[in-house]
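When the chains are written out, they are named A, B and C in that same order, and each has its own residue count from 1.
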Amino acid sequence: MTRTPRRNRRTLQVAGVGTAALLALSACSSSDSDSSSAKSASSASASASGSASTKMSGTVTVFAAASLQESFTALGKEFEKEHPGTKVTFSFGGSDTLAAQITGGAPADVFAAASPKTMKIVTDKGDTAGTPATFVRNQLEIATLPGNPDKITSLKDLTKSSLKVVLCDKTVPCGAAAQKALTASKLKLTPVSYEQDVKSALNKVVLKEADAAVVYKTDVKAAGSKVQGVEFPESANAVNAYPITLLKNAPNVVAAKAFIALVRSAEGQKVLTEAGFLKP
Amino acid sequence: MTKVDASDAAPATLVAGARRRRARRWGRGVPLPLLVPALIGLAFLLVPLLALLVRTEWHDLPGQLSSPAVWQALKLSLLCATAATAVSLVLGVPLAWLLARVDFPGRGLLRALVTLPLVLPPVVGGVALLMALGRNGVVGRWLDSWFGVTLPFTTAGVVVAEAFVAMPFLVISVEGTLRAADPRYEEAATTLGASRFTAFRRVTLPLIAPGIGAGAVLAWARALGEFGATITFAGNFPGRTQTMPLAVYLALQNDPEAAVALSLVLLAVSIAVLAGLRDRWMSAG
Amino acid sequence: MTGTYDVRADTALDGLDARLIVERGAFRLDVTLGVAPGEVVALLGPNGAGKTTALRALAGLTPLTGGHLRLDGEELDRTPPESRPVGVVFQDYLLFPHLTALDNVAFGPRCQGAGKAEARARAAEWLDRMGLADHAAVKPRRLSGGQAQRVALARALATRPRLLLLDEPLAALDARTRLDVRAQLRRHLAEFEAVAVLVTHDPLDAMVLADRLVVVEHGSVVQEGTPSGIARHPRTEYVAQLVGLNLYRGQADGHTVRLDTGPAITTTEDLAGPVFVAFPPSAVTLYRDRPTGSSARNLWRCEVAGLETHGDQIRADLTGELPLAADLTTVAAAELDLHQGASVWATVKATQTHAYPV
């Protein structure tokens, strides 16, 4: 948590240096883009941000998965700086909870989910405008105590009975991904707890109650020195894609599109990869 | 035959009497400024529960409930809530007595501190418990190194978490009853040769039994519905620490229908238990 | 522990010997009590005089801030209440509502270590002595006031106390039951061989039940003596009112007592120096007009301040030259056309007054 302000400062510095270049950068990203659907979305947003200097204002409400908290907060600040008169408000939470809130009529402009499955809840209800696009991917990593005192080097090491390991519950994306990796490598792992979300799982290691947890790379990064990350090859089998979309009943379409464009721009991707996300 | 008639007649007249009394009470008229908010309040409390019933997919219900995981979670919930209530009684009643009957400096502050778990978000309570009783906690560290006891991720941990949030209810209820009870009964007992403890056990305890019962019911209900502190402190593992509220929450993530079904089971069981206890305990008071 | 205490400590080995000092804020209780075994002493005084505090101090429920407390030669100052050989009958009895009459009485013996059966047998015996054998299984709320009082007495006596304390033992009863219960209580107290102290604000209760009265006002003993002695020679306004006498204080010079407030009273006694003069309200005769042929030398002009019925008598409260109470029949009151504010002449025969040195 203490890392968040530091990260913001750094990001803002970056933003400060590259303020002039930002629009050009986002234009760059649209030309870099190879998928056709993404291209159309980006070009649309690029034109929106082009006209933004004159008429963009008001609040953009972004519902985003909890794992995006640090990077999206930074991007929000950048966005507000770039477009004076706008304000970005976030609601971070479990993707499922957010999806339920959106289908329940919550007034949001943008939804960024931690898995296609949770995004599907919203698209199935017809609450999205356009097709959701994957903007980052997240890979699993083992979080161990600082210094890795139990010498954990592989997923298999976690099956030792002397270790207290926590996983995410199968019902949440990080748990489903971990299960996928375990199944693929034919390992049987009995954790001490199936946590309700990835942050709880990580916290058990931060508080030294558990010896290890299988969490996202981004979470390990965000925890800084409180945990130590151990990569494992099986995580390649369970990479989570994060889709982002404009919502059908978005009150502020113009600004929302501009925010999505920022997230998908090279600058946005830079912030996200620094937080540990993989490019889509 | 006549005997049967007589025994039938008695309850009949009783019922009639009760009905007459009730009719008279209604007849006197309930003031509108009380009646309207009262009914709104009632609706406010009951409509969400009714909505749960209305939205239940009844034909799926038997399937949902036949899963052994549901019964495992229910069994664990009842066990832990009861154990947490027992812990609250053993520790909370003496604490309530201390707060109500012994004059010492800082009593007011202590009374406020005791109720703190009521205002603390349960998740924060869970984190606080981890910091105190966790493997690396202030106290837990010694529990681990001296006795090899670690509470997180165990059923005992669930009981600890539930007792932590439920005990204040009991303490407040019992303390209130104690303060209302005449302390001179204890004095009378001591003049008869009873030590303060004997006076408490043989005189005060029976006198405040209704208050203890009410407090225990509150604590039990609170423990049964406990979620935040439990999942934070004890984690979530089926059969060991996964109580009904945890199962409901996780089911809600990807199978809302199952969550509704589980909630219904929890509701039905708690209504049955609470209704039973209320008649037994609260009528005495 | 020796020497500096008063001599009685060494001589009076039996019975109660106490100096109770309790200081609580502005209130100070300082009462010296000596009671022999078999004697019944009543602490008599108005509300707030400190009687109940004295009783609680004897029972150990209120700690002493000074003085001493000895019972049959044993120091009890520091003994906790449960270890004192003291039995208490509380004002509203405080019978344990969840226990039957029998178990209430058996409570004390149980606490003293008797087995359940033995304690109950002893309790049954006590209830029997109180004539309550039939009510053993009854819970207190189903007992009448008089019965509850007897259960409370049985409960206190069942611990075989050497000091029995009774706090307003009859105050909770209605007038009719009070008469019966008072007589019974008197019998039981007469049988009781150890020290008994009762607290009351009712002079009749005190006089019927006690061998000796100790009058407490404002935390101190103001008068002490037998009921008849106190009735004849009250030393404070309060006591005089209690026993129904008009009481004045003045300087005697032969048969005349010049009161501190001005007027003089002629008495039969021949005294000198500070004295009390007392006469009963029934000794006062009232006239509408100044009596001419009356031989009474004590004649005062008064005004009626209040009237109240007192049995079949009317008690007139008079102010004026000499404030006094006068009793007269309803017929006389009607003939005199007494009403509030009416002015009257009051006379008292010297033979009906009583003067005694302060």
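What we mean here is this: contacts are C-beta pairs under 8 Å (C-beta built on N, C-alpha and C of every residue); 3 or more make two chains touch, one makes a residue touch a chain.
None of the values given here were measured: they were computed from a predicted structure.
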Identity of the chain that, by mean CA position, is farthest from chain B: C
Chain whose Cα centroid lies nearest the overall Cα centroid: B
Separation of chain A from chain C, taking each centre as the mean of its C-alpha atoms, in whole Å: 88
Mean-CA-position distance for chain C and chain B (Å): 53
Whole-Å gap separating chain A and chain B, where each centre is the average of the chain's CA atoms: 40
Contact set on chain B toward chain C in their complex: 182, 184-185, 187-196, 198, 202-203, 206-207
Chain A - residues contacting chain B, complex: 94, 96, 100, 117, 164, 166, 169, 171-172, 191-196, 200, 203-204, 207-210
Footprint of chain A on chain B - complex, ascending: 127, 130-131, 134-136, 152-153, 231-232, 234-238, 241-242, 246, 249-256
For the chain C and chain B complex, residues of the former touching the latter: 59-61, 80-84, 86-88, 90, 94, 96-98, 107-108, 111-112, 155-156, 159
